[in-house]
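Report on the structure given below.
Chains: A, B, C, D, E and F, in written order; residue numbering restarts at 1 for each.
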Amino acid sequence: MTMDHAFYIYTAYIVTFVLIGALIGWTLLDGHFRKRELKVLEVSGIRRRSARPKREGDAP
Amino acid sequence: MIALYLRDLKLAVRSGGGALIGVLFFMTVVAVIPFGVGPDLNLLSRIGPAIVWIGALLATLLGLDRLFQADRDDGSLDILLMQETPLVLTVFVKCLAHWTASGLPLVIASPLLGLFMNMEPLAIGAVMLTLLVGSPAITFIGAAGAAVAVVLPRGGLLVSILVLPLVVPVLIFGVSASYAAVEDPAPFLPPFLFLVAITLFFAVIGPLAAALALRNSSD
Amino acid sequence: MIALYLRDLKLAVRSGGGALIGVLFFMTVVAVIPFGVGPDLNLLSRIGPAIVWIGALLATLLGLDRLFQADRDDGSLDILLMQETPLVLTVFVKCLAHWTASGLPLVIASPLLGLFMNMEPLAIGAVMLTLLVGSPAITFIGAAGAAVAVVLPRGGLLVSILVLPLVVPVLIFGVSASYAAVEDPAPFLPPFLFLVAITLFFAVIGPLAAALALRNSSD
Amino acid sequence: MSDTSIQTTRLSALANPTRFLALAASVLPWMAGITAILFAVGLYFSFTTEGDYQQGMTVMIMYIHVPAAWLSMMCYTVMAVSAIGSLVWRHPLADVSHKAAAPIGAVFTLIALITGSLWGKPMWGTWWVWDARLTSVFVLFLMYLGLIALNRAMDDPSRAARVSSVLILVGFVNIPIIKFSVDWWNTLHQPASVFKMGGSAIDAEFLRPLLIMAIAFTLLFFTLHIMAMRNEIWRRRIASQRRLAARMAAKG
Amino acid sequence: MRLLADDLSARRGEELIFRGISFGLSSGDAMVLTGPNGSGKSTLLRVLAGLLRAETGTAQVIEAEGAEPRPVREASHYLGHRNAMKLELTVTENLAFWRDYIGNFAGGEGIDIEHAADLVGLTGITHLPYGYLSAGQQRRFAMAKLLVAHRPVWILDEPTAALDADADAIFARLIETHRAQGGLVIAATHQPLGLRDARSLVMTGFEYDELEARL
Amino acid sequence: MRLLADDLSARRGEELIFRGISFGLSSGDAMVLTGPNGSGKSTLLRVLAGLLRAETGTAQVIEAEGAEPRPVREASHYLGHRNAMKLELTVTENLAFWRDYIGNFAGGEGIDIEHAADLVGLTGITHLPYGYLSAGQQRRFAMAKLLVAHRPVWILDEPTAALDADADAIFARLIETHRAQGGLVIAATHQPLGLRDARSLVMTGFEYDELEARL
């Protein structure tokens, strides 16, 4: 069999690769930035109530 | 319920000018196509039913997005939502009123446009009949979109986008029934009955979805 | 003035979803057409320019009627009217913002749609050019209509009678210029220049009429 | 009696966002790893399998086209199920789920569209025809975009979720149309041949890479979906904590 | 007739606005909600009217001893910040529409439109389009809407905004009449309404550091 | 700076609402319009703001002795029943827009947005969309709009509707500050605003037998 339609095949694979790569990259980057923002908030002392360390005198 | 129907009709006539703008837009669409196709009367009469249907579809979209928004803005929607009468029914009646004010005039105007497009009398009749049966479906689907648009301050275009994909089957069967009436081999009844079925289907689904959206979006 | 322009743009983007929506809307309209007229590529490419122009007209009309009404309803219009800056200028800027938000994306998206409609590159270019030049005219005419609609609580009828007939020439010259670019005997330039002239004319007349109507609003 | 109550606690435990995050953290590396391996194997097979006597090497496009097309529909189905979750149980995780799935579905649909046209050019001689299958997939793509736009246009997330749920459910009619369009209207497109009554109509030769790729795509989808859900949960927590910070500052 | 609210809490956006509000009212009672701007008065009223879903809790009316409880919204008039009247229609058309659409609740009758206009002190201008009225006149006719269809529970959000002293008195009289006929009134307000022995609920707003979002 | 209203009269529809109103105010003055619902307070304010055409008479400001008289509207802020803010935009965006669009009038400077939010008692929520605020919070920010761009004349139509007692006091303070800086205030109201030695104009509504339609 000859590679009679190589152009179409390779374009299809490349396009798929690029699109999926972009999707993965975007998801990872998004997660990365969100995690960093959470860190910043954490440092400035703002936490969810459930994640807050129990202070003395707090009702159990 | 009759009170609601009458009020919405009155409002449409008094403030929207809904009927006329729809009909005028419809005519504009139909008037412009011949420029594209050229003065080929045969071709015109061939694509006639399709053009009339597309025109009607687009004309219905004008103003549909405000179906519930006007009521939200002045607080009426709150009261409509509170009643014991099922919300689906209220939505259904509002759709009917909207259709009477803006869909029906299109149906009535369609023979005129058929003449413009050089269609045969039989074809004109078929288009009118299919429009009469099919155009309420557009309103019902549109109602679901309009209910979603209530939460968006200016939902106009978004509504149309959400609505148009769903309208496609109506268009397909409406147009093919119109063609079937004229062309010999194809039978008219099957697509026409399908169109009726679609309208009935959306007459249930549309208001249901709209009611669900309204209940979930009040604030 | 720039503040006004930016605000109106922001509003359009925030609540309508912005440029993406316009393009999406356009794409849905174009996607619906083949269902009506059938998948005949030749025919599609012939009616292509007309369809693209009609889509643009519809997209502009949707939401245009609320151009001033939204501002009236929340009281902003009062403050816009009170300022020392000439009202015509304010109206003009609002039109520009509306066009940027809803007309420009269509112009930019039109080549894509041309491809969908199987049009030749030359025709695509011509449609894009005529749209770029002609679509602002629709906004300007619409602005006058929108202003009348604000002033008269029952101005609906008047608006439709006012706007659509005035828009028809724009549409006709736009479409015929696009065809002239492709078909040999007809020259492209005359209808195109006419289109330019119409746009310039309405760029002056539209805001003037709108400002006049707004100033005379009596409550 | 006691059985059901245990089950419900387990289910609700999974549905707790914090637990979900913990679970995601422990599962994600594994899923990502398996996905990568499956892709490697699948690609190896697809590049080594001989071509079809009729279609030549273009069958290679099938190995991405068909899984992407399946996934585009499955993603919508997942969204529809989540939509029921947000409407009926009003569960925040369901809200997050369908919001996070929409962009992924849009990408898969776009891949199906592009590879489909790239396959259509050599096979049918045209990039695009307006037939029922192709158009309904295009409509699906538009619906994904519309849903994304709707979610972006509203800033109260739970309200946005409920409203888009309604639309997702209404739009679900499109899925059977896509699936059965080839049977209902005669078109250029292939009818279903992999899953068919009475066994597959495709040669085992092609079936192997196709199935491996399909599983790989499915795993990829779930991996990305869980990651996107996690991101969305973080995003909402950040937003609410920022609001809280602002209010605390305002109170002095 | 009794109205029972049990452990109500509500969110706006992602934030809890109030929590654990319970009360019971019976025929002839009135309750006044007060509290600073943004403390959640309107939110509570909308929850009672069924326009916002409560995060927890229920609000129901029980028509008579042993009757099936029903959602408050079906027994209520709600008068919010917006008047729910169409500017394009005349006052009569507006009121007639609501009378026909809302209908009477069991055990009462709405009064005639002209009579209702009399009671709010605006005889003779019911033929005007609603949009032609002044702010206070519009508000008065919105009150007339409460009279043309009978509902035992009135839920009122700042009813006297835009009213003059005269109308304030008229309004207090309307409420007293309604109570005397066995009606129930719940009103949010910043101004004294002049009601006899009304109960009062002071909203304080939520402590912000207790806020917990849903995720 | 002086504001001169001379023989103003106005129609609504076909009916004369008031006739022959003249007054003059100078820097630091305040005038309170009172009167029953429908007596023409809002109409008069809209005539002053140039939003309704006067049937007869003029209203002008004179910036300094000998300066050219200018229409009142160019020197004024108008705060009507509606807040003129977009629900979709955040508070900051709304205020920034009006600051930039209105601009400052000669002889004064608007203050910073955050500072204005402070002054109306709502620090820290300027990043929220306006539509997320309660009625009273919305009204407070509408007042903040008066501060971000400088205008010597404030025309206020029932400014304190929907405000709590706290906000009433804040508002009175804002007006006093504005007057102390040489500003002018004209307000229509049904409630006492708590202003020091304000002039007052009582609208009585037109006597009905004096009514004349324009034929």
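By our rule, a residue touches a chain if its C-beta (ideal position, glycine included) is under 8 Å from a C-beta of that chain, and two chains touch if they have at least 3 such contacts.
Computed from a predicted structure; not experimentally measured.
Superposition on CA atoms relates chain B and chain C by a rotation of 175 degrees, given as a multiple of 5.
Because chain E and chain F carry the same sequence, their contact can be compared by residue number, and over half of the numbers here are used by both. Taking each chain's centre as the average of its CA atoms, chain A and chain B sit 43 Å apart. One simple way to say how far apart two chains are is to compare their mean CA positions; for chain A and chain E this gives 48 Å.
Spacing of chain A relative to chain D, judged by their CA centroids, is 17 angstrom.
As a whole-number value, the distance joining the C-alpha centres of chain E and chain F reads 30 Å. Residue positions 12, 81, 87-88 of chain F each touch two or more of the other chains. Each of residues 135, 139, 142, 145-146, 149-150, 153, 156, 237, 241, 244, 247-248 in chain D touches at least two other chains.
Multi-chain contact residues of chain B (touching two or more other chains) are listed as 14-15, 73, 152-153, 158, 161, 165, 168, 219.
Residues 18, 50-51, 56-58, 60-61, 64-65, 68, 103-104, 107, 110-111, 114-115, 118-119, 121-122, 220, 224, 227-228, 230-231, 234-235, 237-238, 241-242, 244-245, 248 of chain D are the ones that touch chain A when the two sit in their complex. On the side of chain F, the complex with chain E involves touching residues 12-13, 35-38, 42-43, 81, 132-137, 139-140, 158, 161-167, 190-191. Partner chain B is touched in their complex by these residues of chain E: 12, 46, 49-52, 73-74, 76, 78, 80-89, 93, 96-98, 100-102.
Remark: chain B residues 144, 147-148, 151-152, 158, 161-162, 165-166, 168-169, 205, 209, 212-213, 216-217, 219 touch chain D in the complex. Interface residues of chain A facing chain D in the complex, by the touch rule stated above, are 1-6, 8-9, 11-13, 15-16, 19-20, 22-24, 27-28, 30-31, 34-35, 37-38, 41, 44, 46-48, 50.
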